[in-house]
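To keep things clear, I will list the structure first and then write my remarks on it.
All chains are identified by letter, namely A, B, C and D, in their written order; residue positions are counted from 1 within each chain.
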Amino acid sequence: MESTELRFFTKPKLKKPIAVEGLPGIGLVGKLAADHLLHELKAKKFCELYSSHFPPQVIVKDDGTVTMLKNEFYYVKGKKNDIVLIVGDFQGLTPQSQYELSAKIINVLEGVGVSLVYTLGGLGTGKVVKNPRVFGAATDIKLIKDIKKHGVIINKKGGGGIFGASGLLLGIGQLRSMQGVCLMGETLGQVVDAKSAKNLLKVLTKILDIPVDMKELDKRAKKTEEDLRKIEKLQQEQVKSLEMAALNKKSAEEDITRYIR
Amino acid sequence: MESTELRFFTKPKLKKPIAVEGLPGIGLVGKLAADHLLHELKAKKFCELYSSHFPPQVIVKDDGTVTMLKNEFYYVKGKKNDIVLIVGDFQGLTPQSQYELSAKIINVLEGVGVSLVYTLGGLGTGKVVKNPRVFGAATDIKLIKDIKKHGVIINKKGGGGIFGASGLLLGIGQLRSMQGVCLMGETLGQVVDAKSAKNLLKVLTKILDIPVDMKELDKRAKKTEEDLRKIEKLQQEQVKSLEMAALNKKSAEEDITRYIR
Amino acid sequence: MESTELRFFTKPKLKKPIAVEGLPGIGLVGKLAADHLLHELKAKKFCELYSSHFPPQVIVKDDGTVTMLKNEFYYVKGKKNDIVLIVGDFQGLTPQSQYELSAKIINVLEGVGVSLVYTLGGLGTGKVVKNPRVFGAATDIKLIKDIKKHGVIINKKGGGGIFGASGLLLGIGQLRSMQGVCLMGETLGQVVDAKSAKNLLKVLTKILDIPVDMKELDKRAKKTEEDLRKIEKLQQEQVKSLEMAALNKKSAEEDITRYIR
Amino acid sequence: MESTELRFFTKPKLKKPIAVEGLPGIGLVGKLAADHLLHELKAKKFCELYSSHFPPQVIVKDDGTVTMLKNEFYYVKGKKNDIVLIVGDFQGLTPQSQYELSAKIINVLEGVGVSLVYTLGGLGTGKVVKNPRVFGAATDIKLIKDIKKHGVIINKKGGGGIFGASGLLLGIGQLRSMQGVCLMGETLGQVVDAKSAKNLLKVLTKILDIPVDMKELDKRAKKTEEDLRKIEKLQQEQVKSLEMAALNKKSAEEDITRYIR
């Protein structure tokens, strides 16, 4: 297996497609929003991305069958613009793999004619708020003006950075003349935040002019949280059960680097 | 040396071969089971796998001679199906190398005509039980039904993941039309667990219809545990003796990343 | 994206060019000095370097637009010698990438005819001093004599090392017949040190015989510090907000290495 | 720069050459012994090895000039056998690079006709002893018998491993039909141990039948220790001065892995 592999099921012909990315990140805000969009729009999968930069595990589904960790590309026909959705289980584990995976995603988007990408994320503020705001950034000043009209807040106090795919898709896109907007839902950051995802999605669907029912989002967020807790619990059991195991209590890597002077 | 190297001693012609993998993991359950099978069936080695993703050390045997860390492939003639065994000293140290090594193993299996692989592991529950159960997962629903008939438990509460080679061989196999079953012996996880390995092996040999004497398993498990303790003790001495050494108490890597802002 | 990419805007024809590097390091001494030089000399950018060895993030500017992390090459016409400046947001995150990036920088310098490079850094002494001294090292003994004449101190007590680009540009240059001098401003190390940068710059501009006004340096240092604090604050919020998040409290990598025995 | 680069000054024609490796390791036992041999035998350098797997720094010598970290190959004419010496500043920082560098070293040895290599190291026992013993391991049983005759102890209690170049040169050599012996001086491990190095060297020179004066070894060991302490002190200052620095107190890598779920 190459470090990252793409599997295309079809190569869709799309009308002025706009992409929306929502991979796991702070408060799962982006993932919840994109997953909801995916289900409500009944989008069709056209590509899967596998990578050795994801954790080395498979997921066991409820029926006992396994499936590799992956990112997925979906599309759905729209009025003015078709929509491409990028969702997934994980982002790359290492800094370097983040660049590699974002570049691969841009490749796929270019291949189906996307010239504008919306990336969805959370902005962790450490505070609980009643009505989470939506913050934004973009590849150029014209887009900044556009999103401001939809109530997106540009952090006047300025500065800061956007980590992970939501940032790098914009940055790498910029080097390849692909435009991009990052929308970030205000969130505490420590919990899966369906409310923030909902507010984020309201802004996005207004911008894209695609009406989406929000009823199922809460239920879906709950299911997502439960799934994650199950995986987490299992991981903890596995790790705990190893803590006192007979060998290599510390990682071999650690020992090695300490060993060699 | 390439990052991973295969050394073939022979290229066996096999009859509908089924593979069984048992590399080191939780409670050593999978390794104990596969090593026992290897000795009882008097299997023949046909391939060795060396990798720079194992720890950078050689093992010193009792007579003072050294040997590289490796994974090994064995085969044995069967009635309906020949058996290929995958055993070894270690799994890859990094997440990425886990993918690389599992893909290499699948390559070897494909090369000798394997289309079904059983991976053996432990399921750490943190509890001591009298009669460890055997849990399972598989690449497709038909296999799930088959193993259920042999008393294998499909975790109804669902979800979770399988780490390391036992998971990835199924996942990568799945992408290449190789079928797979993972059998996991229930285990505390903190100790080498021969009892769990025995129960696991009982189920596997029933499924494969190959009778195997279990008498020697306990003795072998004890030897394995002793060997590991020796290696561990030595490693600890080496590490401890370095803790206060004159230079680089922390790994140079750590210092570097902290140094560069 | 390749792991490191160069983007040339122009390929300047330069007269006996001398390079000056000032990337982020101890006390930001080198970066402050080089950035000041850049602005005062109104140097022109001719090349950008992007790398997956920088952190996986984009910077958000005050107007809400984003920009990739990068290193930059500028040039300015001089009397006897044209000057090439190397500035940037970051150095490589890993030991290995430090070598790769320094070699790429040397490539660019060779490409425009540079045969002598000054690298600027801080020498952290852990002490607060009234008038920070300037320490030096070089690729050959003749250069050592030259800089001594300008009051640069060669650490008689000897020994030690120079980390990061300021060291490796000299070392890799040495293997390719490029001469180099490292100038290090004495600094506490724990704060952005404009005073040390000023003293360093005084020595450098005397050596290079290019008069530079120092008035703006303090103001610029203050702005640099503020920008960094903003980024830091945001990073801390993001990290903190994740500390208690539902999943993977410890890095997946860590768990993995602990998991596999 | 490639990840590892060899620079040959000459390609010596050697008579049945035997190699001796002494890179930094536990108690510096191997390094002290090999460095002493190098100076007493007045060996000539024929090759340098540079690598991005060493720490990203240059060493500053007493006169202020810098030099890259490296491993070096020397040779000296002998009676029955010429001797090749492998010495250096560092071993590879990561597990994987250990394999890569050992394979590169074996390449050089094969290139000048070496078919037997002695690797020198320390065996950290955590105890202070009056007269440090010499332990050994080898690639085959005949060599084990040979070294036993010279008083080398084969650890009867058996098992264990040899980390780093001293182990891997034997292991990788073994895969390429190069024979090898590892000699380990008993040592506390926490201090530079000239006494252990002396005992080790006595055994080695008896085996190789090359008389070597030991008078200077203590002095040289003291100098080595001082040099290392200087480097260490400087490193600590640099690191300490950064601990409270404005940015990225924790490594960016760490933050990233924690950030991405």
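The rule is simple: contacts are C-beta pairs under 8 Å (C-beta built on N, C-alpha and C of every residue); 3 or more make two chains touch, one makes a residue touch a chain.
A quick note: this is a predicted structure, and the numbers were derived from the prediction, not measured.
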> If you list every residue number at the chain A and chain B contact, are more than half found on both copies (same) or fewer than half (different)?
Replying inline: different
>> If you average the CA coordinates per chain, which chain's centre is most distant from that of chain D?
In response: A
>> Centroid of chain A to centroid of chain D, CA atoms only: how many Å?
In response: 47
> What whole-Å value do you get for the distance between chain B and chain D if each is reduced to the mean of its CA atoms?
Replying inline: 33
>> Residues of chain B that contact two or more other chains, please.
In response: 26, 55-56, 92-95, 98, 163-164, 231, 235, 238, 242-243, 245-248, 251-254, 256-257, 259, 261
> What does chain C use to touch chain A in their complex?
Replying inline: 1, 3, 5, 7, 50, 52-68, 93, 227, 230-231, 234-235, 237-238, 240-248, 251-259, 261
> Touching chain A in the complex: which residues of chain B?
Replying inline: 26-27, 55-56, 92-96, 98-100, 102-103, 124-126, 136-141, 144, 154-164, 167-168, 170-172, 174-175, 180, 182, 187-192, 225, 228-229, 231-232, 235, 238-239, 242-243, 245-254
